[in-house]
Structures are given as structure tokens and as C-alpha cells.
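A quick write-up on the structure given underneath.
Order of writing sets the chain letters: A, B, C and D. Residues in each chain are counted from 1.
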């Protein structure tokens, strides 16, 4: 049996020893191990992939006994596919990229389907025999629309919500239901060009590099913990539509990377930042 | 004889023809030629390296006759070294890099010396037998200090002022004296992290990429036309000092690139953006 | 009417003037213009996008009259979609990426279908309502199989052949039928790791960067003119399968870029190298 | 007291536990810890920064008792500056960059001086008040010249030899004297363009990216374990001298990075590859 153990807590002497002792005395092999201490905040992060036959309940009890009270402990079975729900609006580049990766087996997930506020992408999604949940906002208040999306999502019970160019701003109410589970792709190299139409902003500013940012969504627009970023160089010859087209390639690569990191349980979030092993 | 001709003006039909006709009929070879039309603003940019024996005064008159009234025309003799004045404070990485490039002949400039508000870098500068102009700000108002620097600079009459980590904010008065001639290196990937201590800001924000920006200085702090940018990937394990150290490598490369572009007369500035051939 | 004119020939004085004169006197607007002179080989390259109502036959005759005898002249109507034929084997990442870009309208081409030597990708291709031409190599000699592929391709008459992970080595006979029209993606940063299993080679060598190369196919395996390359940094923690997975993202981006450059008529090939505007 | 402990050995169950137990029971704090298991070769690598007052001799004995017989164990005092000897010929970009970093305190090393086979760089080195050891090859056989360099180097007893564009090929005899201690910068993205004049080779091949590689020197030219690599994008407009000039920036950054990794004891070498923490 294989499990991934993620621990973060206040740092103190002997933590690695105490934790590895519990693994060892329960007959578990350490397949992969990473630690990091954030010195400024005195915070310890450890991610360990273990294998072997063991009493995992006992192991968990011993870890809780020996770790500091404030410790966050996650013990996750490897091999169980994460249930992922996609959200999209009209643009196909990120969604299509995820669908192809899913189709080819590159993304080791269970795809629950796609929630959208427009029907533009329905034909694409149905090519892949996946449910397409159209929740049109027409005639609804923002709250009403969002409540329908929340209800639908709660019913599907995803492990991860991926906003693949979902052009609706989520309220704190939405976020509170799925805290730490929502990944967004922002079409810009945050924190530059926060907000609408960043490629137009980038064009106006005359930047020589554009980028994209995948981040967890929190209650502050475009300010959640950053998971992955990438950039590409540009010059004066790019109009803003060309910047946008070029940006789409970065967006899809960065979003796919963030999804992979999330479903492989590689990400810690602490103090609005990520630690990623 | 070799000259570089830079033209920017409102776009209209036949500009390339009219200009190349003048070069051809004056017996000039086109060694290198670049044009660009900024469609959104209907602006034409052309940079041509020409060679040959010709009546350049006549050529200029013909160009002025046939180009639109608003045209900016620069005709620059190749081979005359640009006079460059450096400005620094205490940090040596950009200054040292420029000095080594100058020493090795890589930067084809005439270095007038270094202006500094501290004496920290004096021993380094003097190793290279260059004048070190110490203008201490001690006991002076900001205006008094800046006036001394302006007077000194006017006396040296540089073609280009390079702020190689000069930690003083320039007033509009200063800028107005050397408009379009001041290159600064900003220790950040603008427009992210404007202002003080950007590496600390980047660390706090948890970005996965840091960068640097070389730009012309205008009257809006950190908002002048961008000349060059570059970035490097980072992760959670970098403390802010490490981000700063890593950033220094980018800063010096980006600043050296901007200086080269400027002294080779490759940069147009229009509408707070650069066109670079 | 809009056309793209591509000229390459021996360099001589006044070429730009002569060419722009013909455009001007035929009442054509120059929308975009790029030139380059390869000094070492004294070769002139020019690509111009022109618009306007004109006698294009006359224009072509004038160009041929005034250009050197050895000049290559291509005058291409803008707006006519290039006919593209894809070739694949079993891997879906490049093929799927092209299909999604085609579906979203990002690739402005007419897709003739997919030729494959295995049926693995048939379901994927048929999702997009495109012809899937299975030419199995079973029971055939290499020559027999290739002849069937040549006959099929000749019948479809594509402007461009894209090898999207087509794992068959093409003979000079094949190449001679479609010279200059075949784009391949090589899963390596050429000229490093020529030949089979480059990610395994890269792993064994312990490189810190991997890459991919799109190139035109000539008669020397992996040695055709390079169109586009990109790379990504790696470290010791990547096993060779991980290098391969990471490489797939680069492969698809680089191949899509090469296709775009080819169908937009931006590429010159000369002396086994490309000049790209 | 602070030490860095580096262990590599065959992997087996409980290694982290056994090692961290020894640290813990000797009252040592783990400041930073990294492990990696190379699955294909079943090799365990661990680097730990420890602090505290302890009987380090006892700690080492316990480690040797509990680790596999084949284990490589290095226990290095932090704070002792590494003695570094530079080797150069005529080019100043890498040497100058190291000198400036040394001058500014960025490189935390003791610089023993510069060995050169030409006197070109003597004035530069002497600006920094460092010994310049000229060992001219004139009138000497290759063996005689190298023996003089070996003798000189042995007398200076450096921890690290840095070939900063030293254009002499080292014999196995030289390497055997300083095995694992020689860092070279290769002006190419290895394994592409092995051997002489790689920028000319890159130009002829028409690559779209150039790079540089820092590696340990072994007895096979350009085939030692790779420490660091970086690249930059280029296009058809770069002549080979421009490729070389651009390459110099990458060379100096990559070499400085490799030096830093080496003097901070972050590098393991195993099976001609590096593991770097």
C-alpha cells in the first residue's frame, strides 16, 4: 500500500527524527521525502511517500501524539484518482488542452465534467463523452446564478475545481464552500496587470515579456497563493491580440502543471504562499 | 562612410519607396534595413544602415522634403563612440559588470566616469582608471544635491546617462535636462512590484518567477518606456536575500543589453513604448 | 486584394528601391515589410505583405525583369487556407494539440485528415470529424508501405505535411516528392541526442535542460533546416519518463509554432538554414 | 558550530531514520535537509546542514557504523572559505565576472590567484591585487607545460580549480591530480557542438537557441558531469560573432552558478551525473 503524508507545523528540533522513526517502526519504506523549513516563519513542511503493509491508523495516532498541536497532517492514499470538475466559459484553449491530456491518460484524474455559463464549448466537451453542465446566467442575479453553480458542484463533490478560463468572478460565499480546492489560471504574470484584459494592459505598457499565473482562489481577486507561473518574450511587433494568442499557450501549460501538482498532493499553502515538492 | 538613419512618422503609402529612392539616387548602399508599422497608431518606424560616399546634407534635405512634416529624422555617424556617464550608489554588481565589459572592449563606448552619492565604489572605479565624481548628499537638500549633479553632468555632456543602481529618485527637473537619454535598471519585472524593495515584495507574494527591467526614465517613477526585461524561475526555497542575489544577475544582463541597444541607436520611443530593431 | 511576396536572391545595391518602386507604381500598399541580408553569403531576403487592386501579373513580370536571374520569387494570395495533412503513429499529445487549435479556429488551415500507421489515434481523429487514413505497415516492405503513403498523399495534394510524432523514417524517395513541404517535430534539442530515444539519452547524460526542435525534413535524418526550438530546465530528480512527459509540452508548442510560421508563409530556407520573419 | 553532512550510498529501508537519529541523539539541530533516491540505480543521496555543540568525531563514527559499507560520507565545516584557483587564457568575460563577484563579497571564497598561459589578462587580475601566475607554453612540449602547471597548482593546494575560458586541453595526468575538483565552462549547450568553435558550429547549423554548460572535468573531453546549463533564444539575424558575444553572457552566469554550488558543497557526483541540492 502506498500513501503520501503531508505535514506542516511549527519547526522544532528532532522533527525529522520523530517522524521517520514512526515510519521505520511501523515497517514502512520511505520512497520519496522532501522537507523545507521556512526560516522567517519557523515553519516546517514535510512530504513523504511511503509504502508497505502497516497499521496506518496507529501510524496516524503516533504522528498526532508526537507532532506539535498545531500540525496539519494529511495522509492520502496513492492511486485513488482525484475527482476534478472543470469550469469554462467560451474559450477552448485551456479546456481543450485538459481534455486531450485526460484522453491520452497523461492526467491521472477522474473528470466529472464541465460547468459552463455559455453553451459554446458543449460540442467540444461532448466529443469526449463528458457531462456538460450548462448553468446560464441569463435572467438570474449574480447570487442566484452562483447558488445554482454551488448546488451543482456540491452535488458532484469534486476534490478539485479547475477554472479553465471561467469568466465569472466568484464571491466569498462560493470560495468558502470549496476553500483551498479551486485552481484558477490568470492570463497575466501576476501581480502585474491584475484585473480585466491584461493583454491589452501589457500591450499598452509595452512590456517585453508576458506570462500566466495559476493560483488557488481566495477571497481577494487575483491574490490567492501562486502555484505556477511562466513567461515568454515578446517585442514591439506584437499587437494585443497576438499577445493574447501567445499568452494562451503559456496559460494552458501553466494550468496543466498546476493541476498535476494539485492532484499529486505536492502543494502546501501557508500564509498565502505555496510550498511545492 | 557609414551612417544610421532613423525615421518615425505617420504612416502613408510609398514611404519605403520614397526613402529607398533617396538612398539609391545618392549612391548609398543599404547595409541593413528594418521597418515596422504600428497599425493601431498608424505610425511608421524605419532604421537603415547605409554606406557609401555621398552628399549627406543633400540626402537629409531630400528626406525632409519628402517625409511627412511630423517626421522624426535622426542621421547618426557610425563609429563615433557614445559618451556614457554612469551613476551608482553602493551596489557593485551592475557597475562592475559594465566596467568589465568596457575593459574587454565589449561595450563600444567612451566612458566618462562614475557619479556617486557615496564613496563605497570609488576603489572599484579607480581600478579602471576612470574618474569617480563623488557628490555627497550630506547636509544638502534634495534640490541642492540634484542641482550639483545636474551641473556636473551638463559639464561632461554625455550622450547617455546610465543609472547602474543609483538609489536616488530623480526630479522632473533632472529628467527635463536629459530627456530620452537616461537608462535605469529596475530590480523587478515591471509593472509588478513598483517602488521600494521589490525582492521583499516578491518574496511576500510568493511569486515563482522574478525579473528585472531596463527602461528610459521619464517623470513618472518606474513608468518610463521599457527597453529590455528578463526573468528567472524561483521556488519557495528562496528567501528574499536569495531572490535579490539571483535578481542581480538578471539586472546586470538586462542593463548591459539596454546600454548596447541605446549606443547602437536601435531604439525608438513613441507613446511611452519602445520599438527596437 | 492581399498578397504576400517573398524574394530571396543574391544581394546587390538598390534591391529595396527597385522592389518598392514596383509596388508603388502599381498602386500597392505595403502593409508589412521585412528584409534581411545574410552578409556571409551575400544573400538578400525580403518578405512583403501588400494590398490593393493591381495587375499582379504585370507586377510579377516587372519583378522578374528587375531582380537577379537567380532570384526565388513567391507571390502568395493571402486568405487562401493552406491544405495540411497530418501524420501520426500512436502518441496523441502533438496531434491532439493541433486538433484543438484547429477546432478553436486558432490554426487557420484546411485540415485534410490524418495518415497513420496504427489505428490507435483513430477514435481521437474521428471525434473531430476528420478523415483517418490508416496505412498499416504489416506484411509490407518498407518501400511498399511508403509507396502507399506517397500515393495517398499525392492524391490529397497537401500544401504542408506535418509529422506529428510519425515514427517512421522517410526515405529520400518520399522526401523528393514533397521537398520543402514536410515539417517534423524532433523530441530533442537538436543537434544534441540525434536518433532514437533522446529522453533516455538526455537522462543518461544528466543534462539540466531538455528541448524540442521543429524542422523541415530533408534527406539527412534530423538534419533538416531548423524552424523553431524551445527548452525547459530540469534537474536530477527527473527520471527519463518524466523528461519525456515534460518534453511533450515543449514538442507540442514548438510544432504548433512551426506550423503557424509555415502556413503564414514566413519561412525562407537557404543553405540548410531558415530565415523567418 | 555548523557543519554540512553529505552522504551517498546504496538505498535501503530506514536510512533517514538512522541518520536523523544520530543527529538527534547528539543534540544537533537540522537546519536544512535534502534527500533524493535515484530509483534506477537504487542510490540514496542526503545533504544535511546541522548546527549545535556536539562531539563530531563520535557522530562520524556512529554514521560510519550505521551506514552501508560503500557509503561516501563528507562532513564539512561551514564557514571555512574554499580556496579557489582560476585558470584563464585571453578572454576576460568569465574571469572578470568572477573577479567582480569576489570583490563585492558575493562569492564567499578565498581566491588564490589566476594561472594563465598568456599575459593578456595580467593587468586585469592585478587591478584586484591577486597573484597572476603566467606559465607560458612557448618552447615547451605539452607535457612539460602541463607539468609546470601541475606543480604550481599542487603548491597552492586549492579546493577548487575553475577553468574560466582556459583554452588548453587537460591530460588525464592533470585530471588525476585534481579529480572532482575541476570546474569548466563549455561554450555550448552540451552535448551539442562538442569541440572547437561551437558558436561557428551553431551558426552553420542554424539553431534557434544557444547555451552554455558548466561541468566537472574528467578524462573525456566535454563529457564530465554537468553542473549547470542555460540557454538564450536567437534567430537568423545573428552572425556567429554575435552568437559568441551573446553566449558570453550565458557562460559567465552559468560558471558563477556552478562555482557557488561547488563551494557551498551542494553537489554529488555519481555515475557521471550530478545530484544538486
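Simple rule for what comes next: a residue touches a chain if its C-beta (ideal position, glycine included) is under 8 Å from a C-beta of that chain, and two chains touch if they have at least 3 such contacts.
Please read all numbers here as calculations on a predicted model, not as lab measurements.
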item	value
Same-interface partner of A-C, chosen from the options C-D, B-C or B-D, over half of the pairs matching	B-D
More contacts between chains, A-D or A-B	A-B
Cα-centroid distance, subunit A relative to subunit D, in whole angstrom	37
Euclidean distance of C-alpha centroids - subunit A vs subunit B, Å	41
Subunit A: positions in contact with at least two other chains	233
Residues of subunit A that touch subunit B when the two form their complex	36, 38-40, 189-193, 205-209, 211, 225-231, 233, 235-237, 239, 272-276
In the complex with subunit B, residue positions of subunit C that touch it	13-17, 20-21, 23-24, 29-35, 37, 233
List of subunit D residues in touch with subunit B within their complex	91-93, 96-97, 99-101, 103-104, 106, 124, 127-128, 245, 248-249, 253, 256
